[in-house]
Amino acid sequence: MGMVGGGKDAFIGAIHRLAANMDGLIELCCGALSINPEIAKDSGKMLFLPEDRTYLTFDEMITKESQLPEDKRMDFVTIVTPNFAHFAPAMMAMDHGFHVVIEKPIAFTLDEAKQLKQKQAETGRILCLTHTYSGYPMVKQAKAMVREGAFGKIRKVWVEYPQGWLSKLSEREGNAQAAWRTDPKRSGKSGCMGDIGTHAAHLAEYVTGLKITHMCADLNAMVEGRLLDDDGNVLLKLENGATGVLMASQVAAGEENGIRIRVYGEKGGCEWYQHEPNTLLVKWLDAPAQILRAGANYPGRLSSFATHNCRTPGGHPEGYLEAFANIYRNFALTLSAQIDGTSTTPEMLDFPGVEDGIRGMAFIDNVVASAQSTEKWTAHIVE
Amino acid sequence: MGMVGGGKDAFIGAIHRLAANMDGLIELCCGALSINPEIAKDSGKMLFLPEDRTYLTFDEMITKESQLPEDKRMDFVTIVTPNFAHFAPAMMAMDHGFHVVIEKPIAFTLDEAKQLKQKQAETGRILCLTHTYSGYPMVKQAKAMVREGAFGKIRKVWVEYPQGWLSKLSEREGNAQAAWRTDPKRSGKSGCMGDIGTHAAHLAEYVTGLKITHMCADLNAMVEGRLLDDDGNVLLKLENGATGVLMASQVAAGEENGIRIRVYGEKGGCEWYQHEPNTLLVKWLDAPAQILRAGANYPGRLSSFATHNCRTPGGHPEGYLEAFANIYRNFALTLSAQIDGTSTTPEMLDFPGVEDGIRGMAFIDNVVASAQSTEKWTAHIVE
Amino acid sequence: MGMVGGGKDAFIGAIHRLAANMDGLIELCCGALSINPEIAKDSGKMLFLPEDRTYLTFDEMITKESQLPEDKRMDFVTIVTPNFAHFAPAMMAMDHGFHVVIEKPIAFTLDEAKQLKQKQAETGRILCLTHTYSGYPMVKQAKAMVREGAFGKIRKVWVEYPQGWLSKLSEREGNAQAAWRTDPKRSGKSGCMGDIGTHAAHLAEYVTGLKITHMCADLNAMVEGRLLDDDGNVLLKLENGATGVLMASQVAAGEENGIRIRVYGEKGGCEWYQHEPNTLLVKWLDAPAQILRAGANYPGRLSSFATHNCRTPGGHPEGYLEAFANIYRNFALTLSAQIDGTSTTPEMLDFPGVEDGIRGMAFIDNVVASAQSTEKWTAHIVE
Amino acid sequence: MGMVGGGKDAFIGAIHRLAANMDGLIELCCGALSINPEIAKDSGKMLFLPEDRTYLTFDEMITKESQLPEDKRMDFVTIVTPNFAHFAPAMMAMDHGFHVVIEKPIAFTLDEAKQLKQKQAETGRILCLTHTYSGYPMVKQAKAMVREGAFGKIRKVWVEYPQGWLSKLSEREGNAQAAWRTDPKRSGKSGCMGDIGTHAAHLAEYVTGLKITHMCADLNAMVEGRLLDDDGNVLLKLENGATGVLMASQVAAGEENGIRIRVYGEKGGCEWYQHEPNTLLVKWLDAPAQILRAGANYPGRLSSFATHNCRTPGGHPEGYLEAFANIYRNFALTLSAQIDGTSTTPEMLDFPGVEDGIRGMAFIDNVVASAQSTEKWTAHIVE
């Protein structure tokens, strides 16, 4: 694995390294860790990278790695730069034969995302997008139960993602995270919806197996002086007549990272909350609710999609890093299978990819368009 | 207290009697308990009413009671009939000098509600509307904290009210509750929004102290064959730039009666959930969350509006009946003060009245209008 | 109902009146509300008692009421005085033909309790003891599931009752509640175990249907200067080889009234916590846990012992007062049946009585003896 | 890192590898992974170990590794064999200059533990014992708050560890885990208390900073035919007059791994539950309870001992593997500091060691002695 971005003090880069490292399947072997050469070098040292594989630009990294013997060079590139700097290294990596893992959102614009899709098709590379929350085993359990019809036809989905960390104008107070995430030039045309609304939309579609078809959005910059939305509420129509609400906020003061989804069908529903991620609350119209718990030792009780993504038996809580690592692990298993010519399983193939990335970019476009419209409904057109 | 409606097997009539009875301030002395004379008589017997005060119609009850000596007659009329039958007895009662308590919604139409307001103004009677959820002590605590500025300027409110009991077409399967509540002739122009959406809207305005100014509604009858909405999601704009979402459903399979409100301001917020009603979760931007608990013994810790509405010390849970009873108790205390010429306190005056009823009826009108509109925003005009 | 004790400012008297009053089956008609004549009179006035039935002593009350015509006099006496003053009015009441309700503990000594039992047998009166916690519907559900063998043979019970209100030497700081409850002359030979440990022991035996046979107690006065135990931990042996632990404390700083019971059998177990009393968490060895919820509308899902004690449908929380009221209601239903000569049901007969009172007094004796012994096990001999 | 034990299918070996691997500080370089040569080889292959460092016995591993050049050989040995096979490799490893990490319990007997201590003193090696639960950041937060006097003098501790997985006689049904853990020859003189009671005792002493001085134990084999205790309840006396209860069970049917601790002092207390490990519930005598949450971004809110052990910001849950990894990370940081000659911090030195191991072995001895005694109290003598 070669990493683009993620120098010291970068939040998400460290998370990617931990996640990739967790299962012993992936090793960081090189990096272009910062556009600041000092930071790039220091970060490489800190991460025990050899000096000659501590690159100063992604261009240099991809070029030089592709010149190494096949068994020495990195297998894939992980891109953890700010949103505007995803596209170029991803394109170049695939062009040079490398697979790619991209921190979400996949790109800066929908058009870029579509180009990435085309490039992937041309090159046959694997593209993995780290929509973390679909990596949790109990999210996969929810999806499996919906798919198997446990709840009957799905009627409703409520998905919410409250955070409070942008309750003040922190981008003017030296908070680097806040600075780039609220800056249209680096973050894109949406703040809150681009950053966390896309996670919520992905989760809703992932669990229900239904596509969002229409949106009615109210986006706001609640903090005076902010350039992008920091809060938004969106009515949803989904396929097959289901409806929903998506709420995301970065000014829900006192909230941490409370992504939660509730799905209801004709016969029951389920609820998952990231702060207690090892529990899936399952509700039934005609019977008491049940508490399903994650655990590698519950093969008869849980779907294989859930148990495949558990490392520990019930009662040994796994968390965010493990969910993240599941994405890397499934990507790595799929990659190994491709390299070894062995067969893949549906469980290992269940990680987000370029289609999810495109839907995410289209979501940003369409939710912003809806917010600007006086019409109630805006179609969520992706192609 | 004389009761109109609420014969045996009626759900809400029994609740009203329990609530009115709880604190020993109110006694049921007569009733016109059913339009079916047999049920009216049987119910009177069951409730130990004297035969000569077991009336067959509200007309008879009000007429005859008003002819009794002042110290023998009922003080007020409680109206617990289906929605379409609130107006006539309420008008007649006030005309004959009786105060009234009305189960929500106050009337069948906004116009009726406005006539009730005018009648109240003319007659000087007290009109109490049983919007139960604002009777909970920790809801009053939330309101008090907002009012005192604990959370700074309010930015967001999320209010939700999921029920699952109409997940099937129960109105065709002999469920009497379902039958009248989904029947436009008896329930009005909205089902779910009229029945429980109004509670949610009232709660949002009560806690935040802000009026809803605009709505964007998506209402649906999710169960095929149903005549009224059984599910709806509404974007809200409130005064002072606050925004919100109101979600109400009667097809959230597996949910009981999960009304919940979350409010966020600049400095923090709070969350209240009816299934654990003695807890108010208070969240702070810059400090750990706190668990505030109901209790008559927490005068320094809670607002006087909360402690006034607690009967027990902390750790002795009170519930729905006590919340309901708080409305009756405050109404009765206010009535007693008026009769005795003593002074009232802000705490005892804090029960819902005709203005809340009018806003509720307008909410139904406007939310239905919004649902039918292709425009995004519909103003919530009340007058 | 005539009340002995419970003048204004008395905590438990007010609770008894609320509970007795709740269901409209019982009316307070007279009282000897305080040994202080001024308080007795004021309290009577406050409670709308006629002056001639506001008595100054229980002796006077019982004597004079028994001289009234049968249909005018009180049906039963409720005794809510401090522990040392339960016995005399209870004996006298039964001697004069009145039934009795007694706040727990039943008496000051085991010997008194046994005399009460004998008196009850002689007079055929009904004696009801208000062990509140067994009045909760979900406690009755737990008992029913155990009795029906849902969990297999019971192996373990953990019961705990943490309070924090005696964390300081409040009895020296003008707290009247603290003063009598920590005073051996008024409270008896045990403080914490007598006051709340008895509740825990009753709950353990009630739910499991097993008698405690041996105890190993460690009792302590954790606050310097306190005369009675304020904290204790007790190992238990029960019938049929089950074991358990009983923990009770009044110095668990920050706890309110957190009585909780957990029972485990061969196939599963259950957990009930008074702060969320409408939920019974049911755990299974071979299946996911279930959340059983109280509700009058769950006749197929819950035992008849649970639904009989619910007033509201699921999702309308009932609490401590309703649990208390259930004891009064079942007592009143049983009394009515006796008066009317109609038949009783097992559900209405399920309220605590003299046997529970005797076991409670023996528990106090034996737990104190165990605490003073250097032997590990002390038999819990009741007769 | 060289591993002894932990071949494929061994539960705890895989956990150790994940934990050691997580932070990129430690690499598995060799192993003697099973006493079965086939399994040893297969496991080595599975873990990408070079063939020449896949050893068949710990003796071979330690001997051969010590003959490698200093910069090639392993730095330390991790021992994850069943209890009876901890001592020999640990002694030999230290004798050959290697540091050791040992899965708990440290040894098979107290005497062995004492020999390990002496060996450690002689050789100056670092000995780390993986008492996982003290690796959780919010457990460290609890300890820090106690140490800083936030709760005043500690009066009480309740620690419990319910599991249900031995509710049946699984050791006779082909469950290998059950087989060795209930076998006195492989597990030692206690089953439940040795396996999980020691965790509970360690947690109690770790958080309170107080040593257990006396115990009064009731241990039982609740499942017929079982050779060791599978359930136990223990009264505790601790230093400074504190008291407590320790409950551990492997027959609490339906429980997973529910270790929980509650501590109470004069001014408040706290509660931590492993199933929601990122929360510490803090209770105050004179103020509302607080919900403290783990998070690397809460330096002002949490103790440095907590934040040092968080990898993610608040709301990104960490779990069991991270707690385990914290022990390895602190051990590795301490080891690096020793190797590099840099200074250690109190935070990195906070991992369990030989003293904890000795106290654990003595706990097993003394709790079994207490269970066999008819005396109430047995002193917890360690030396």
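Here are a few things to note about the model shown:
Read from first to last, the chains carry the letters A, B, C and D; within each, the first residue is number 1.
The rule we apply is simple: contacts are C-beta pairs under 8 Å (C-beta built on N, C-alpha and C of every residue); 3 or more make two chains touch, one makes a residue touch a chain.
This is a predicted model, so every value here is computed, not measured.
Separation of subunit A from subunit C in touch steps, taking the shortest path, is 1.
Looking at B-D alongside A-B, one finds more C-beta pairs in contact between the chains of A-B. With centres defined by CA atoms alone, the chain at the far end from subunit D is B. Subunit B and subunit C have Cα centroids lying 34 Å from one another. Centre-to-centre spacing of subunit B and subunit D amounts to 55 Å, using the average Cα coordinate of each chain.
Taking the mean of the C-alpha atoms as each chain's centre, subunit A and subunit B sit 43 Å apart.
The residues of subunit C that reach two or more other chains are 255, 282, 289, 293, listed in rising order. Every residue of subunit C that touches subunit D in the complex is listed here, in rising order: 151, 155-156, 158, 160, 162, 164, 167-168, 216, 218, 220, 222, 231, 233, 235, 237, 241, 243-245, 247, 249, 251-255, 262, 264-269, 282-285, 289, 373-377. Those residues of subunit C that touch subunit B in the complex are listed here as 11, 14-15, 17-18, 21-24, 28, 47-48, 163, 255-258, 274-278, 293, 295, 311-322. By the touch rule above, subunit D contacts subunit B in their complex via residues 282, 287-293, 301.
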